[in-house]
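There are two complexes below, and they share chain A, which is joined by chain B in the first and by chain C in the second.
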Partner chain A sequence: MMGWRLQRLPSAKPRLAFLARAVSVILALLVAGLVTAAAGFHPFDLGAEVVSSSFGSRFGIEDLGLLLTPLIYTGLAVAVGLRIGAWNIGAEGQFNIGAFCAAGVALFVPGPVWMVLPLMVFGGALGGAAWILVPTLARAYADVSELITTLLLNFVALLLVYYVATGPWLDPSGHALATTARLPVAIPEFWGIVHWGFPVAVAMAMALAILFALTRWGYEIRISGSNPGAARYAGIPVRRHLITVMLMSGAIAGLGGVMEVAGTVGRLQGGISNNYGYLGIMVAVLARAAPLGVLASALLMAVILNGGIILQTQGLTTNTVLAVTGLILLFSAIGDELAHYRVIRTTAQRA
Partner chain B sequence: MDVLAGLIQTAFLAGGVLALAALGEVLAERVGVVNLGVEGLIALGAVTGIATVLATLSPVLGLLAALLVGFLFGMVFALATVVVRANQVLCGLALTLIGTGLAATVGKAYSGMPAPATFGPVSIPGLSDLPFVGRALFSHNVLVYVIYIVLPLFLHWLMFRTRHGLNMRAVGENPAAADAAGIPVMAFRFWYTAIGSAMAAGAGAYLTLAFVPSWSEGVVAGRGWIAVALVIFAGFRPLSAVAAALMFGFVTALGFVGQARNWPVAASILSMLPYLGTIALIIVPVLAFQRMRRIMAAPAGLSLPFFRDLR
Partner chain C sequence: MTLIRPLSRRGFLNMGAAAGLGLMLPRTGLIQPARAAGPLPAVAEEEAVIAWGYVGPTADEGWTWAHDQGRQAVQNAYPKLKTIYVESVPYSADASRIYRQFVSEGAHMVFANSNYGDFLYDVAARAPEVAFFECDGRSPMDNLGTYYVQHWYPSYVTGVAAGLLSKTGKLGYVASFPVPSVYSGTNAFLMGARSVNPSATVQTIVINSWFDPQAAAQAGTALIDNGCDLLFGIMDEAAYLQVAEQRGAKAVMWNTDIRRYGPNAYVSSIVVDFGAYYVEQVRRRLAGEWTPSQDILPMGQGVDRDAWGQSVPAEVAAQADAARDKILSGWSPFTGEIKDSKGNIRIAAGQTMTETELYNWDWSIEGVSGLDS
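Up next is the complex of A and B:
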């Protein structure tokens, strides 16, 4: 008698894993569509409206570019950490601190633009790295899970930004509530309203891809992430790599905050991170931590996020988008596991 | 003196959310499942609670509805992590995003509405009238006594004094050995994860029906994550988890008192205390008491999926 049996493979085939990703995104959107339909909306009309407003006009594409930029930074931040097996759930906080530091430099350091702008970028990246320093050292030297420590610092960073934006750094002109004054220095524009943060992000993704794929350092990071014991045995300085990579992750997220405050928003205000840090986890996971994949998955997330903003007039909120992204993440995790299986034929001799 | 009694009273009230959610997480982690969806489950429970009470005017029904919703979402989570054996960290984060997003979407209609009926304080004849301790310890709502006394004692007895509890811990420590001994590993993991999720959602109902008591976006404010951290700090023990939650209730209460009495510190700065405190709590003991590590260690099978054929 012929039979069929499921067999689990130690690692998923890349093509199957990619297929599983695509299916999970479609399934998640389908479920979201069904739920919105049950709530009395017309999911197809909503979908058509999102696509036409995102891609139908130059303004739509520019808006999309502005949403895409921070998602690439936070996505890269999380992806870099995942390369060595570290969960940076704190990109949200590092993004805030990056914005905080950049705004601080712009507001209080007098000087010509060519001097202040690099200082802002440097300060923001440094701030992001500093924000992940304690979780990094705790993970490297005391084996304390970075998951919770990085996450809890998000709340502290949000409160800090909220505090300075409503208190000590509040716009002295009195016109604005709960934000700082307009920053005197801005990231120059690159294409329409899309600022230079976007090409820098794309360049960074490419640089990271090369770094991970072609250098000895990238190879050692990958080995340290997939089998720390073996890496240590082979003489790879796992701990040093872990510290470098996590600090890098924080710096990239901080850089995202710099671009957001000095390029897109122009003022420091509470909630400037707009969940980009959490969405970055999604972006990185969908991309399977590949820097170039981050570009694609960030675009997908930007369209979904943009959809949420467009549909606000229909009574949906950005929180609905958060729930939909959660659904995508859940299905992706399930799809990832299922991609490990293959169906094999069993022959009669066994029985 | 009156301030201190009020402080202790508020500490118990505020710590209740963390205590109930942490107890649920203890259950899930003891059978080997890390549930990082607690934050989302609390949000779902909070909205379910307030929506039910606005419709039925019964806080008990509100709590039951929240428990049910938590149980259902917990079953979905367990289906993904225990049956399909997908990555627990990813599924937990997903549950947090889904729960937080869904709760905020549904909750928009109830935002800022005070709960029309809540779990009010019950007075215990004789004890509630005592000076100081009467206010500090014996004038709470009924849930506080359940969360701080009944549940932890019951769970402690269940986990450390019964054969069933021994099986539970075996499933979390060494699922392969438990499986060989004939313990249904998957069933243990599935049901205890679902029950733990129900408790997290119950903590949400407690938040909106006994503590705040109203819903607004962001009302959960990371309590789920603090609860997860407390479980680690408490060495995965129910009694210690409740004690740790009470300590955190105290820190929160201190912040309230500071605001009420106009301490020269901004409210946002005071609100950072619980988060910074939690981080210190999970890092410092590891550094300070190297010998404690073994006793306080996580179940050995935590977050590892169990495949019978790969034993």
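Up next is the complex of A and C:
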């Protein structure tokens, strides 16, 4: 007797993975198109509008660059953690703290730009790392799941930012969403409105890719992540690596916050993180925790989010846009997972 | 107090004088004269695109709903032009993206409701041919005007009713952020209440949102648990009215007539109507007459108290309306001596606050708690 069964492969073949990703995005767009057509819109016009608005003008591309930047940072933060099997759900909080520290330095440390700016960057990264310190130690020494601890600290960070922005650091000039004064020091511009946070993010992704792929440290991290028991047996200091990597993850997210507050927004305020921390989880998962993959998936996410904004101005409600965004992510996730399987023919075993 | 830009009092006086002319608001800028070299060029009606960015959903039956009524008024007055809008524009860099997208879709006017600050200015600076409006704004530009309503007067009027209706004298306020609208709202409300009950107080809870029904309901519950028997607030929806209805308390609302959510609790509302203002601004833009201005619609022409609720006794309504009539005839309740929440005299006896000071109010009067840190 002949049969068929699915076999799961530990890692997807690159070509298959790419094909699955492409098919899933097309399928998702098809479904989204059908839904919007059913709602009385012209899907092709909408699609053309999204493409031309995003890529058709220099403003569109600059906008995309600005949106892409924080997604790379938070995506990298989550991806780095995943390399050693740690889920940093707290990138949102570390992002907020990074922004908080940078704003604090910019507002209260007098001095020339060449001194204050590095201090902001350093302070923000340190703040992000400090924010994940307790979850890291709890995971490393008491085996407390970092999923919950990092997540819960997000709310503390958010409320802290709200508190300072509406209280002690408030700029009383009457903004509906209370904010601090405009920071006197900004990340310099790199290309149009895109600031230096973007090239730094890309460089960081490349450096991390090299670090993970070509160094002994990167190799040990990978082993520690995929089989901690074996790693420990092989004499790899798993705990030390875990602590280093998680702190790195927090620092990267914090750096994202620095760039956002000092490069894009210019003031510290409650909504500064704009869900980038949570979106970073999706970016990292879509990238399968590969640093260079983060660049691609962050771009995909930025195009989707930007497309969402364009669709809203075309009269689609926020909910429809969220549904379309969710569809694309859902299909991509399914496609990714399917790429791990292959169909094999089986012969029935004799009992 | 910190004034970012000194408003000219004359501008407001002119506005009062112009009241009879409906919405033909003064050309003398309230904050500073228009700096534009000249008006923006005329636009043919069939080509015009007018955009609105809303803070909440149009179905909120509150602030956003009221502005969307204004958008529909424009569409009815000029059926050939195109209006577009985006709901729930966040206070983040996404706001800039949305406003920039309006520009790239050819918008000739962009109304932002409200207070998008730098997120809006960044876009306005790069689109000099587009007329921008920031509701409750304070930083005019060559192509950006500001507009708002003198809500402090109807807040005072409803405060008088609140003072008469409250048995405990403890009034509660569900606040969004510690911003001038909230300071002037709480202060005016309490001054109205104290005009009839000198021991009245206002306790405030800040929920960090204009539209968060769950948080507003929690805040309302907490205020009633603390002994407040009458709630006011500046929410875009009806959550704390429903809480008041359930708990047998009373509530004064904002934006629209939403008494159906709590017919017994409903006292009144600070109702707003931007329709006539929007139509006039669009007319100017189409005609090639538009220059930026700073307009604050006076009570009776864009903002007022709503018809009183069914549980408000006639004599209470009459007493509050007497205060309203007095204000309409030129009297200002915002006359010293006024002390701040720390007991310092901020407005000397006999001195009347200017409209500028009322618009930019950023300190609590004695008796308001929860805003000043």
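Points worth noting:
Here is the rule we use: the second predicted complex is superposed on the first by the 272 of 351 C-alpha atoms of A that agree within 3 Å, B and C clash if a C-alpha of one lies under 4 Å from a C-alpha of the other, contacts with A are read in each partner's own complex, and residues count from 1 in each chain.
One rule holds for everything that comes next: a contact is a pair of C-beta atoms (placed from the backbone, for glycine too) under 8 Å apart; a residue touches a chain by one contact, two chains touch by 3 or more.
All values reported here derive from a predicted model rather than from experimental measurement.
In the superposition on chain A, contact is made by A:317 with both chain B and chain C.
When both complexes are overlaid on chain A, the residue A:162 reaches chain B and chain C alike.
In the superposition on chain A, contact of A:60 is made with chain C only, not with chain B.
By the document's definition of touching, of the two partners only chain B reaches A:329; chain C does not. Once chain A of one complex is fitted onto chain A of the other, the partner contacts of A:33 are absent, as it touches neither chain B nor chain C.
Of the two partner chains placed by the overlay, only chain C lies in contact with A:269; chain B stays clear of it.
In the superposition on chain A, A:47 makes contact with neither chain B nor chain C. In the superposition on chain A, A:85 makes contact with neither chain B nor chain C. For the contact definition in use here, the residues of chain A common to its chain B contact set and its chain C contact set are 162, 166-167, 317. Those residues of chain A that touch chain B in the shared complex are 8, 87, 89, 134, 138, 142-145, 147-149, 151-156, 159-160, 162-163, 166-167, 278, 281-282, 285, 316-317, 319-327, 329-330, 332-334, 336-338. If you check the complex, the residues on chain C that touch chain A are 1-2, 4, 51, 55, 57, 84, 86-88, 90-94, 97-98, 100-102, 104-105, 114-118, 122, 126, 136, 138, 176-181, 206, 208, 210, 360, 362, 373. On the chain B side of its complex with chain A, the touching residues are 36, 40, 80, 84-87, 89-91, 93-102, 104-105, 108, 217, 221-222, 225-226, 228-229, 232, 266, 268-269, 271-272, 275-276, 278-279, 282-283, 286-287, 307, 309-310. The part of chain A that touches chain C in the complex is made up of residues 53, 57, 59-60, 63, 66-67, 162, 166-168, 170, 172-179, 182, 193, 260, 264-267, 269-272, 274, 306, 309-310, 312-315, 317-318.
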